[in-house]
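Each of the next two complexes has chain A plus one more chain, namely chain B in the first and chain C in the second.
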Partner chain A sequence: MKVPEQVRRLALLIAILAGVTLLARFVLIPRALVSTDLHWAEAVQREVAKPVKFAGAVACQDCHEDVVVKKAKGFHKGVTCETCHGPAAKHTEEPGAVTPPAPRDRRFCPACHTYDPSRPTGFPQINPTAHNPLKPCISCHNAHDPVPPRVPRECAACHAQIERTKAVSSHALIACTTCHKAPERHKSAPRAALPSKPETREFCGTCHSAGTAAKDAPKEAPKVDLSTHGGRSLCWECHYPHLPEGRT
Partner chain B sequence: MNERRAFLKGAIVFFPAGGILSALAREAAGAESAGGPPGPAPAGQPNGKKAYNPADHLYGMGIEIDKCIGCNRCAVACKAENDVPDVPFYFRTWVERYTIARDAEVLVENISLGSRKETAQDVREVLRTFFVPKLCNHCANPPCVQVCPVKATFTTADGAVIVDDKRCIGCRYCIQACPYGARYLHPKTKTADKCTFCYHRVVKGLQPACVEVCPTQARVFGDLKSKASRLVRFTRMNKIHVLKPQLNTEPKVYYAQLDGEVR
Partner chain C sequence: MNPQMTQGLAELLEQVTGFIFPNEIEIHWSMLIVVYPYVTGLVAGAFILASLVKVFNIQEIQPTYRLSLLTALAFLLVAPLPLLLHLGHPLRFYEILLTPNPTSAMAMFGFVYAWYLMAVLLLEIWFEYRRDLIAMARSASFPLNVFYRALSLFSQDVSQEALAFDRKAIHVITIVGIPSAFLLHGYVGFIFGSVKANPWWGSVLMPIVFLMSAIVSGIAIVIFLYMVLTALRGEPIEMACLDKITSYLFYAVIVDFSLEALDFIHRLYQSEESVKILGKLITHKLFMSLIVIQILLGMLIPLGILVLAKARRFNDDLRKLLYFTAVILIQLGIFATRWNVVIGGQLFSKSFRGLMSYKMEVMGIEGLLVALGVLALPFAVLAVLLRLLPTKPHEEAAPELGGALPPPARTA
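Let's look at the complex of A and B:
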């Protein structure tokens, strides 16, 4: 069968065009322009090349050993230098030229230490409005070894959350020491010497039992029959003693 | 008629010839300059340390809710380290405050926004309240990567999801697709931007900036492929939950003591 001349020419033309297209796609256009993995590798390289601004926790001790040793024993041992002094990678390269700022302002420490009900219990918190107004924090506390300037007089110095909760409760007038016996050492080494906690139902019963055990207790304190109330549960398994639910 | 034929003939001969010539020139030039095979070169350590091989690592982060004090140092450090615009509402990482009221109403505030409105809530009406630090979850199965029309976002061999800002066309599709709201459109480059686990730091053996500055060690960073890393220890010693597990995104940010109300 004879293929017409026009078809042959057309076929040749199409073949050539296809060849040119393939050539352009696979040879002329550089692989870096079309290949995804090359693009990604390039992006990773760009990412890796970005400058580091925080020098890291171990960078400071070579020169500032005195501060690092001091801080390692105090309550701020988990706080790295750059948490307060800001990014210091430039300072490690040119110590003379760039000095990281030292936040001496009274507004800085409250970022962590303002009382906030969302903060975990036991974290030291203060009310910046009431706590020695206008005095910079560092005039009493050394940020590298923050111990209170004197042993706290009130439990609220550390247990602000409980103090504030209790202050609006019907237990507002009951002192912490009525229920907790705190060894003197608890004030200087809080976790080494823990205060006591009530252990029995009878302890709450000294105010709240219906019988003769609570005859000296204030009349307003709600009374229950300890033998029937609450079964074998301990009082604080249902009632929170720092904010008892009884009064609305 | 003849003119047209001559033109076509000329064209047929001219274009491929030019193409082949330039291709040959390119080949020759390429062979001289490039040398090595194409592919991701390992991010080398010049001073004699073993070269960094991404395939040996798989990074993740642990967050212990009970330790977070909501001081916002992480969000500030992240902005400093990664040149995130110092304007509220552009974040690679941020901290949320959850307040769950007695009537089961859940209030979520982004405290990194700065405008800290003192929620004058009666302490009796609050059931529980806590902080939740958030960032890109670096999902093993990331929706943002799936939807990108130009493959500008991808997962590295060591498990970080990063954006190729030269390829990103700024279509915001990934920002919509991220179930955790971890992406934003960078106002200067007009490309999508997100947490990279501080990739430039971790390949050098440093911690991400947010982990570095966290004063209470609420954030823990580590290598899941290592048998003994802080993160592996963290996931071993705590009951772990991830955000939105029902979406099957398989996040690599692990939360300890996470409340069920956290979205």
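Let's look at the complex of A and C:
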């Protein structure tokens, strides 16, 4: 088959372009220029030239072993010493001359522990205005092994979001312990000893069933016939117990 | 941080509402990134219009075929410019050539762009103009004749078989070109649609919506250019052509509008956790650009105008006026669409609890003046292209140089 004249010319042009590109890429341009190392060299130098301020997570244990051991068992085990005490490279060089600061006033701890709904539930959060006003945090809490000085009186200390939700619901007057049995150890080791949760339809039925089972329940509580209502579904598959939508 | 920037951010801080994260105050994708999808969309749209002539064989719009191709080329040449300027150090761009990254969605633009420019648009234009280039090389005087000869790659063959081959080649390239044009602008939509952290962007409909709006804007710009060019040249407008293209524009706007409405209803019904902040975004920050400019001025009113022009038997002059108004409003609307996607997507916090503000620069490298310059540049490029490559097939023969040329190529 005869190749048309214009295709031959075009093919020649494309071949030349491809050839020049390949020649430039693989022969003319030095290999070092294509490597990303060179592109980053300056940035690496710039970073390396910066003065070292932090001593690192392990430097402290050489001298402060007791504190490090204590902290390693507590809730703050993931928080490095320098998170609170600041960069301590100078202190490791001249321990006597330079002392890292220790935050002792109320302004420091709330940076992490002020109530914020976007924090994970169960994370200890307080309202700094209402929580023991003016008292420094360290007068009750040891930051190296932070456990509450006494067990929290109410669940809201940790479960603030649920508490705030429940407070505006029709379950506001029901205590958390009505539905959840929390072992005492839950207050000191929250994840190791979990509280119980209701497991059956009959549990909700103690207030909400239309029969005799709920004869002691307040009359405002909406009543349903458990044998027909909702089939075999569990109550909390449709209703959120901390903010139930039912109203009488 | 330089003091000017600090001051600028301090001014913005007062306009923040609700809760935002610290790194969200500065809007990083500025006006230039609005211009980029807008210009790229015009390329894809103009090319799709050109392909209607060659693939679907719609003869009425033949007068705009070459204009569409050149428009696509002019805008395509400018399309990477906003990105280069946005780099901050435009001269660093060669680094992406040295270290091509086939796994980065952002770097993929280089490949998509190169494919579309080299394998589709330039090839099609070359085959379309080859006969004319040879003819013009014969009739033009020095140095233009050398230029045309070089452009035609010193090709001489204008036999019937060669011209038939040109037509066949154009047909094949256009068939490859339609998915390529879809790829080009679908890619731009993909860049936004694939950001799953941003609910305003992250949607599988995004590439399709971008594509349809690109077709709308591309057809509209070609109509605009066609009307302006004929007026400048003092030629009559072919009303059959104009009526036909505006019909396509009408259908494209309907499809585009339906897709955007579908996207909107889908979000509203899904009602994910972001729906409240997006509602606030629309009613507070984007009310003017989304509700008023994009939907009302850019879609509903032009649709109304086009319906009116089609339904009533107006005379030619009034129809021209109506069409012209509609295409200008549509351009405005599509630009607002790009604005709402690019800027709108950066105006709410990832916490879904706060809204930011965008303060446009005027003089800076990412400012209004540069953006206007980038938007004006394709028209200058197009003016040069139109001067070198006329949209009318070259009629005059040069018998003394090589015998009469066969009649201009037309699609069979």
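Please note the rule applied: the second predicted complex is superposed on the first by the 204 of 248 C-alpha atoms of A that agree within 3 Å, B and C clash if a C-alpha of one lies under 4 Å from a C-alpha of the other, contacts with A are read in each partner's own complex, and residues count from 1 in each chain.
Please note the rule applied: a contact is a pair of C-beta atoms (placed from the backbone, for glycine too) under 8 Å apart; a residue touches a chain by one contact, two chains touch by 3 or more.
None of the values given here were measured: they were computed from a predicted structure.
Touch counts on chain A: comparing chain C and chain B, the chain ahead is B.
After overlaying the two complexes on the shared chain, residue contacts for A:Gly86 are found with chain B alone; chain C is out of touch.
Contacts of A:Ala57 after superposition on the shared chain: chain B is touched, whereas chain C is not.
With both structures placed on the common chain, the touch criterion links A:Ser118 to chain B and to chain C.
Legend: residue contacts after superposition of the two complexes on their common chain; A:Ala49 is shown touching chain B, with no touch to chain C.
By the touch criterion defined above, A:Leu10 lies against chain C but remains apart from chain B after alignment on the C-alpha atoms of chain A. Within the superposed three-chain model, A:Ala41 lies in touch with chain B and out of touch with chain C [touch as defined at top]. Touch criterion not met for A:Thr129: it reaches neither chain B nor chain C. On chain A, the patch touched by chain B and the patch touched by chain C overlap at residues 13, 36, 39, 118.
By the touch criterion given at the top, residues 13, 16, 19-20, 23-24, 27-28, 30-32, 35-54, 56-57, 76, 78-80, 82-83, 86-87, 111-112, 116-120, 123, 164-165, 168, 243 of chain A touch chain B in their complex. Chain C makes touch with chain A in their complex at residues 95, 98-99, 123, 126-127, 130, 153-157, 161-162, 165-166, 169, 351. Taken together, the chain A residues at the contact with chain C in this complex read 4-7, 9-10, 12-13, 29, 33-34, 36, 39, 118. Against chain A, in their complex, chain B makes its touches with residues 8, 12, 15-16, 19-20, 22-23, 26, 30, 38-41, 43, 54, 66-73, 77, 80-82, 97-99, 123-124, 126, 129-131, 151, 154, 156, 162-167, 196, 199-201, 203-204, 206-207, 209, 212-217.
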